[in-house]
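In the two complexes below, chain A is the common chain; its partner is chain B in one and chain C in the other.
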Partner chain A sequence: MKPLLLIALKSAWNRRLTLGLTLLAITLAVMLLLSGERIRQAARDGFAQSVSGTDLIVGARGSPLQLVLYAVFQVGEASHNIDWQSYQAIAADPAVAWSVPLTLGDSHRGFPVLGTTPAYFEHYRYGDRQPLRLTAGQHFNGLFDAVIGAEVAVKLGYRLGERITLSHGSGQLPGLAHADKPFTVAGILAPTGTPVDRRVHVSLAAIEAIHLDWQGGAPITGVSIPADVVSKFDLQPKTITAFLLGLHQRSAVFRLQRRIADFHAEPLLAVLPGVALDQLWQTVGVVEKALLGISWLVFAVGLAGLAAVMLASLSERRRELAVLRSIGAGPRHILFLLILESLLVTLLGVLLSLGLVSSAAWLGGPWLAAQFGLSTLPLAVSPGELRLLAGIFAAALLVSLWPAWRAYRLSLADGLIPRL
Partner chain B sequence: MSLPAIAIANLAFRWRPADAFCLKLANATVDAGKSLFLHGPSGSGKSTLLNLIGGVLLPERGSVSLLGQPLGEMSASRRDAFRADHLGFIFQQFNLIPYLSVLDNVLLPCRFSARRARRVSEPAAEARRLLAGLDLDPGLLARPAAELSVGQQQRVAAARALIGRPEILIADEPTSALDAGRQVAFVELLLSEARQAGSAVVFVSHDLRLAAHFDQSLALAA
Partner chain C sequence: MKNFIFGLFFGLTVAFVHAAPKHVHGEARLEISLDREQLVVALESPLDSLLGFEHAPRNAAERQALQVMAAKLKQASQIFVPSAAAQCVSTGVELDSPVLGGKAEPGGHNDLDARYTWRCAKPEALRDIATGLFAEFPKLRRIAVEFAGPQGQRAGRLDAASPRFSW
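So, the complex of A and B:
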């Protein structure tokens, strides 16, 4: 078989133009499959780590998915709020290391406003337990200070000191603006690729302050409390939307979850963010499967090209194969020669695309991570990818059997003298 | 030297059982080191006979024995190996692998057959010697075979067929693509190199004028 290897290489080199084009098609197809697989994995990881380091998310009792949607992604609304006392009681549990209250309900030009405490900036983690970082300014100090996410800053072109007004609700109804109490952008967060980027963070007290002269979701007619006097009021919130909990020991998480479920004063629900996010991913996983399906289709097109090129080359190689036969090559050598060639092209295509995808991940990974909330793109080959590569080779082998079999039949029929 | 190089007995071959026999040959023998001139009109089964001697086809009746060994008793892969070890072929044209150099083309049989590689102590030197004997310009050795003229290609093919001194050399109209003046020269060179290698020669041609150069001649009927 060794002399055949040399002949296969030289023969392939002799047809380098057509084979090169086939190689290009295979490389692109495998690249699509590999990058699809890697981006899928990174997207899944990034999604699952939209919030990390938080052991439990607590909200009013309802569906766990709904809780994750509004608490993490600010999608949809809570059915009920939580009493401040309930929050305080649970935050005081000896198992709890830290807690971050969250209040939702207002927005700024389509971006959700999150009322919270400075503990948020201290304890909130995303991705691989990365803390939030400021690119400019500071966390809120004054009552009407706002800290905005990276996307808010970029999309709205905000800089430090910008005066912004919040709208009540999602901001779609006119006349429900808190125009009398403008906020000042005090800090801008670094991009995280998570929902944090879309949030406008203000203090719980500020949320309380802008709603002093409101009742039942609308301004109270005839009552207006100017911004400079609100600090004379009690700005302790009465209710919040949800809160995040960090525990001293992760092992206590299920016991605390049960205690929260059994909380006597009001019906509450605590979810493990990782589990809930995974569930959520399952529901959007159809898209991911469709993407993978399209990638395989493109790969099938690449393989069809390979088979077409091999079949087309058979007529010009018929004499070459007959000469090899006369020198002593058997039909099985001819079979081997053709399979070897397509496997070689496939191997080269796989190696090329691995190299290209990895260098692309290496060069563009950080940018992608920031832009699309992907976790860092993997550089190494994962077990899932190995299975994918095995599938690619199996498919290539299967496809190459066809032209190889035809060459085998031809060489049997031609014998030593090709009848052209 | 007792065993004949080629012994054919009661040979009959047809492509399909429904067809008429396209080749019938009662008896033919080529002794070791001797040469046979084989002629006959088109369709007389010359190519079929060469495929039968090459062990690529098997006869329906009768037998082909090479060096005393009946091909019919060998497995297909054994026949392939036997062909590599003991036979050299030259065809009408397109003998060479176009993308290999002249030298690599000549050395091919030594790569496929350990026996033929063993029989020459220095394959590259032997290839040079053969090519020089066949009157080929040594400057062409490193050239890709595709760049050679037809006449040069036939001489390279002859050198390849003869390297490693195979017992049997089969030439299928190797001169038909050459002009008349060079045909005789080629046949003489081929036969003299075959004599040196000790190879028996089967030479197929339409051109009866060449028959005089051979030890015996055989006509195939249409």
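So, the complex of A and C:
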């Protein structure tokens, strides 16, 4: 057995270029399949965890999806606002640990403006429960301070101290700007890969202040309250759009959800954001399946390459195999040699790609998380991946059997007669 | 582009994601929460899917069926199987239904609420929970699952072919 292995090794070394190409083909195919799988999983987790650590989102009664979309993604809008009193009543529930009110409706050059309280920066979490970090400045201090998301800062080229004006609604119509009360950029948030990057955050009181001299969505003609006197007014909001709740005990979440649904003063709706987003992801599972399908196609191409390289190398080895047989190696030995070689090459390829994918995830994971909102890419091999790898191994073995079988069938004389 | 895809995504699916309907025969809801070592599973199912009828029992056979159903549901280890590695010990089963109290409205639709609790020695090893409900109650077709755990919230759907929810 030992001499046979020695021969195999020496023969392989002799054909290192062709074998190297085969190894490359396998490594690339497995790498694509593995990273496709991991990115798919991370995208799903990242999406479901766009807002994490928040147990419930509460808004006016309607569709749960609509609520999550406007509260988390600022897509669409609320059908009704919520009374400040209702918010206060629910926030005082003994099960509630913290609450963050949200007011939407204004924008700044296409970016949604979110009115909230400093508690937002304290409790908002995304991905694997990561808190919001500032890259510059501070949270709001003064009334007309704004904290902008990373994308807002980059796209509009804003720095600290920049004066910005908010527009009423989506900002499409002229004459609906809050130009008399400009805001100052007080803080810039680090990239999160979530909708936070696209938000301009201001305080609830500021939202109230810029609408003091407004009524029914338009400025009141002839009335103008200058920015320096607004603090003399009562800036307690009367309504908000939605609010986030964190609970003391996770097990209370479903009961509190029911209590909020039965809230007597106003029709309200509470949703578990992760559940709603996960349901949404599952409905569009077709996209996920398409991604997986593409990964497998790529792998099939890789296998075809493997078979092609092996068949080509076979004609290169005709003489070698024939010589081996002429000195007493049986057909079984030849078969063994060929299968051993392709198994080793596949194993090496799988290990190499695992190493590459894991180190890429380790090195590039934080960047991907910040840019695309993928949750942390896994470094270890999951049970699902093990099954995948076993499948890859079996497939590679099957593909290598064909050239091996051909070599087995080739006659001795065929290999020994020199071709002219 | 990102926005466009988002829009497309959401526009197409607004119609599909909704709070699970209140009372659909054959469909039940599970609410699973895991908080430190405490695992709580709340089941809400139309009585029809478990019992075959929803009124208060009218004769001996129906009374018998009701008792059999309650006895089956009380076998926590038959109805739900959490990951073995988590070493969960059942700490209680509560059943609640108007029919059990004999207060069912005639002709109305009635649900059964069941609440199962466990204490798990190794909650970090708790990765899934399987249900025997489909085997015990063939009229039950689907279960919509909502899950809240330390790794976040999840949603899922179970049926006889895939009776295991993992997270």
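One rule holds in what follows: the second predicted complex is superposed on the first by the 397 of 420 C-alpha atoms of A that agree within 3 Å, B and C clash if a C-alpha of one lies under 4 Å from a C-alpha of the other, contacts with A are read in each partner's own complex, and residues count from 1 in each chain.
The definition used in the following text is that contacts are C-beta pairs under 8 Å (C-beta built on N, C-alpha and C of every residue); 3 or more make two chains touch, one makes a residue touch a chain.
The shown structure was predicted, so the numbers you read here are calculated from the model rather than taken from an experiment.
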Check: Is A:7 touching the first partner chain B, the second partner chain C, both, or neither of them?
Finding: first
Check: On chain A, which partner's contacts cover more residues, chain B's or chain C's?
Finding: C
Next item on the list: Look at A:64 in the shared chain and tell me whether it touches chain B only, chain C only, both, or neither; answer first, second, both or neither.
Entry: second
Check: So, does A:273 touch the first partner chain B, the second partner chain C, both, or neither?
Finding: second
Next item on the list: Give one of first, second, both or neither to describe whether A:356 is in contact with chain B, with chain C, with both, or with none.
Entry: neither
Next item on the list: For A:96, select first, second, both or neither according to whether it touches chain B, chain C, the two together, or no partner.
Entry: neither
Check: Now for A:326: first (chain B), second (chain C), both, or neither, which partner does it touch?
Finding: first
Next item on the list: Look at A:283 in the shared chain and tell me whether it touches chain B only, chain C only, both, or neither; answer first, second, both or neither.
Entry: second
Check: Should A:381 be classified as contacting the first partner (chain B), the second (chain C), both, or neither?
Finding: neither
Check: Common interface residues of chain A with chain B and chain C?
Finding: none
Next item on the list: Enumerate the contact residues on chain A facing chain C in the complex.
Entry: 45, 48-49, 52, 55, 63-66, 69, 73, 75-76, 249-251, 253-254, 271-276, 278-280, 282-284
Item checked: chain B to chain A touching residues, read off their complex -> 47, 50-51, 54, 56-57, 76-77, 80-81, 83-85, 89, 91, 94-100, 108-109, 111-113, 160, 172
Item checked: chain A to chain B touching residues, read off their complex -> 2-3, 6-7, 10-11, 13-14, 319-320, 323-333, 415-417
Next item on the list: Flag every residue of chain C that touches chain A in the complex, lowest number first.
Entry: 6-7, 9-10, 12-14, 16-19, 31, 33-35, 38, 40, 42, 146-150, 152-157
